[in-house]
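Below are structures written as structure tokens.
The following pair of complexes shares a single chain, chain A, combined with chain B in the former and chain C in the latter.
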Partner chain A sequence: MYPKELKYDREHEWVRLDGDVATIGISDFAQDQLGEVVYVDLPSVGEAVSTGESFGEVESVKSVSELFSPISGEIVEVNEALEDAPETVNEDCYNAGWMIKVKVEDTAEVEALMDADDYEAYIAEEA
Partner chain B sequence: MIEAGRMTPLYTEHVALGARMVDFAGWQMPVQYAGIIEEHNAVRSAVGIFDVSHMGEFRVFGFDARESLQRIITNDLDRISTLGSALYTVMCDEDGGIIDDLIVYHTGDLEYLIVVNAANRQTDWDWITAHLPETVEIADESDRTALIAVQGPHALAVIGELAGEGWTPPDRFEVGEAALDSVPVLVARTGYTGEDGVEVFCHASQAAAIWRTLLSFSEVSPCGLGARDTLRLEMGYPLYGSDMDRGVDPVSAGLGWVAPKAKSGYIGAEAIARVRAESPERKLVGLTVSEGVPRHGYPVLHGGEEVGKVASGTFSPTLGHGIATAYVPVALADPGTGLEVGIRRKVASAVVTKPPFVKTTSLSALKS
Partner chain C sequence: MSDADRIDARTAEAGTREPLTGTLIFERGAEESRCVEPPVLDVPSVDLEDVLGGHARAMAPVLPHVTEVELARHYEHLASANFGVDSGFYPLGSCTMKYNPKVDEWACRLPGFARIHPYQPEETVQGALELMWGLQEALAEVAGLPAVSLQPAAGAHGELTGLLTIRAYHTANGDPRRRVLVPDSAHGTNPATVAMCGYEVVQVPSDERGGVDVAALKRLLDIDVAALMLTNPNTLGLFDENILEITSAVHEVGALAYCDGANLNAIMGWSRPGDMGFDALHINLHKTFATPHGGGGPGAGPVAVSDALAPYLPGPVVAQRDGGFAFAYPERSIGRVRSYAGNFGVLVRAYTYIRAVGGDGLRDISGQAVLSANYLKTLLADAWPVPYDRTCMHEFVMSGGPLRKSTGVRTLDVAKRLLDYGIHPPTVYFPLIVDEAMMVEPTETESKETLERFAAVLRRIAEEAAEDSGLLHGAPYSTPVRRLDEAAAVKNADVAWSPGDGSER
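Entry: the complex of A and B
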């Protein structure tokens, strides 16, 4: 449920670092808490994101949640497919349900995030 | 501090089914099991069952029961002079403010069963008992009564199978006795989903048995308050606390039809007649929103200016876009009028739409 190769933040986003490009999405815990996703509102390529700041929204029938960036950098790609198929976030949150790709300013920021074990412990504490 | 919250007789069933429980009007209720959209679709295409045991049931009886209730409710009890018929109504204060919406079932000679909203149970009890003469008796049956809504195009087939041969289902807005798998119940052909179906009243001790029997049918899905809300809003059915409250009269709330012009002498009648004579300033309308999900309290705009707030709002699973209700000035209430809804940082266009938002259901087929 929480892939070992990913990093996680306290707002339930995951990060996959590939060189200096980080792919960001929401965790299985987050998609389960939200329920069936009906809208994903994402920023545009070229926009800057900053650590801890909102970069978009994910909305289910019952609630809406802000998406917070776990890192700082510039958006190089957004998952446009989510516009027509927001349910992908529920079905495959770690792969097809990714949200943005960011060229990170400082890869050490990614390293400092929680690993899967820490994140799982964090969720257990929160629940 | 953890607040326990009241539990219906089906609480342990919900937990065992893995429902997500939430506080609703002081009750621990299931908001969803498999998912709101999945449950919503189950009701539109097959059968969904809902625990609505948190609602209140009052039994009113006595020689003056009819006359006394006529003074309390806006709708006309003469419409249900036949035993076994049911009436949707509101009751108002002297200013025409809506205290609650309710269904009155004419269950017996000199006897009526009233079903009220969970959140208003105490308020309603206080109001009704204060306005009943001593010659009329009233009993609060809520705690010992469980209520299960069985809704969907195949609901009557399921109930019919459990009731056995020789049982005749009640007509729409009628109520009758049945034995479901030999459990004695009251079956009302009413509901809050826009689908054909029934609401089953039974003794609290039998609720779990009936619930499990219903779930033994493969086409029956347990449904939570989340789907109940999307289903009712697709039909434009109002929800007390969102679409109406003490601050609004039935005419403005689009419920003029439950306060017939020909009826007088009930509490609030003069105030409601005044609203009619002067015509209301605001009206509750439906809104179709193509981008984003409108939610309760979001501003409704016209030319950038706020003209009202969203009363009820959700994503319609059937239509695949946002739907809402809102109070807007009468000049902006005509179907087709273009408005906007402020959805957090964005402004989404909205079109005034006459409910029901979903036109074709098993219930609309039944009516035509």
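Entry: the complex of A and C
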């Protein structure tokens, strides 16, 4: 449920680092808590994101929640498929349900995030 | 089982209603059809282009051309696709979808109320003013707070008005302060109101009995806190057992206690927010006093406040003057919050309701609402767990969490399936502190049989979930439209008709 090769933050985003480009999405725990995702509002390519700041919103049948960036950098790609198929976030949150790709300023920031075991312990505590 | 089989097999009870696929009003009729004939011109004809020049329309407006019977059928079709409290059981928690007595509709249509103009001289509308004054008095009595403004047009508008009044009070005392405390069980409008008034929202946790965590509240209180906004009974349908300790702690730091009166319908005639120590309260007339709502109003959210806050209320309020009634403006008023005299038609309905049932009647209504909710909660107890389970007020919150774990069926699916049984679903996913929440408010007017049928239907749906979860994921099957993409409807709203080539039919 929490792939070992990913990093996680306390706001339930995951990060997959490939060179200096980080792919970001939300965890299985987050998609499950949200319920059926009906809309994902994402920023545009070229915009800057900063650690801990909001980069978009995800709306489910329950509520609207902000998405917080686990890292700082510049957005190089956005998952436009989510516009027409937001439910992909529920169906495949770690692959097709990714949200943004960011050229990271400092890869050490990614290293400092939780690994899968720490994250699992963290959500066990939260729940 | 195919979807088609399910529709056949599972709609027997509700029956399948007419699908909403008829043509739009613009696509009906014919160019030569008319509903009304304009009267014969009996004044000199004017050449529009001479008079209006370039402002004259180049083409006639594109209006529907239908006969009266076509028009009647159009609206009848739309009405049949709708669901209201007059159609069936509507236990939409928090919203209080009370039956609206027809006597209220009669009263507000009386020509003396319906055909007056807000700019009429006051001496010609004394009856209307007296009604407003009487409503102010009645609401003040129910609230236990002496001063009332009928201006706000809805509950959230009342909240905004109440908190602006509190802000004006603090500002006049030298410091508007910075923070407003809001419990985690609050209506979403509360933090929104706080932000709109320029305050910072601070969340107060609930305790294990579903009330305010008093110790946590006390830790958060200091002289930077302007107010606590609290709904009592709260959104779990629970009366806060520590209410006096809570309001007195708030007052100790010079802050004020604001009561969200959304649930006043559970306590009217039994206990009064003023007596609980609240300084301000808004009252949803469309909930507690059974005026129409749903589908966007109009509502009314009068605000009742203490003597200390009275000078800041929005005007006009109605006052007695020279043996009659007149509009008056409180001395340090925050100003108008609504044009004219508020939603006057709603005020007439609420006043009629109050006078029709009387003080004892209001008390009986609250008592019955509470009894009905507790009866229903008990009927469902073994099938649908209620976290924070204690004697509830007018509503209670069940959790669909266990059902989801055992069957994968979510509360949303249950809600949609209820439509197939001809029942409007309860409020779902609110309050947020209950997992897969389903908030049920039967209201006082439903019969024992209706409550029992609802309980039986919910039990049956739980069985259906265990037998064939796919059935519930696909529900509803019998409604004019099925599951809609509500988010897309909002984000990509398409509300204006434009002529098509006919291919879209």
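Following the convention adopted for this analysis, the second predicted complex is superposed on the first by the 127 of 127 C-alpha atoms of A that agree within 3 Å, B and C clash if a C-alpha of one lies under 4 Å from a C-alpha of the other, contacts with A are read in each partner's own complex, and residues count from 1 in each chain.
Convention: contacts are C-beta pairs under 8 Å (C-beta built on N, C-alpha and C of every residue); 3 or more make two chains touch, one makes a residue touch a chain.
Predicted model, so just to flag it, every value in this text is computed and none were measured.
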Quiz prompt | Fit-or-clash call for chain B and chain C when the two complexes are aligned on chain A | solution = clash
Exercise. Give one of first, second, both or neither to describe whether A:G35 is in contact with chain B, with chain C, with both, or with none.
Key: both
Quiz item: Which holds for A:K62: it touches chain B only (first), chain C only (second), both, or neither?
Solution: both
Practice problem: Check whether A:P86 is in contact with chain B, with chain C, with both or with neither, and answer first, second, both or neither. | Solution: second
Exercise. Of the listed stretches 59-67, 77-85, 149-157 or 329-337, mark the one in chain B with C-alpha atoms clashing against chain C.
Key: 149-157
Self-check item: Overlapping contact positions on chain A, where the chain C interface meets the chain B interface
Solution: 35-36, 38-39, 59, 61-62
Exercise. Under the touch definition given earlier, write down the residues of chain A that touch chain B in their complex.
Key: 35-36, 38-39, 57, 59-62, 64
Quiz item: Where on chain B does chain A make contact in their complex?
Solution: 31-32, 35-38, 226, 230, 292-293, 295, 314-315, 317, 344
Quiz item: Can you list the residues on chain C that touch chain A in the complex?
Solution: 410, 412, 428-429, 432, 485-488, 491
Quiz item: Mind pulling up the chain A residues that touch chain C in the complex?
Solution: 35-36, 38-39, 59, 61-63, 86
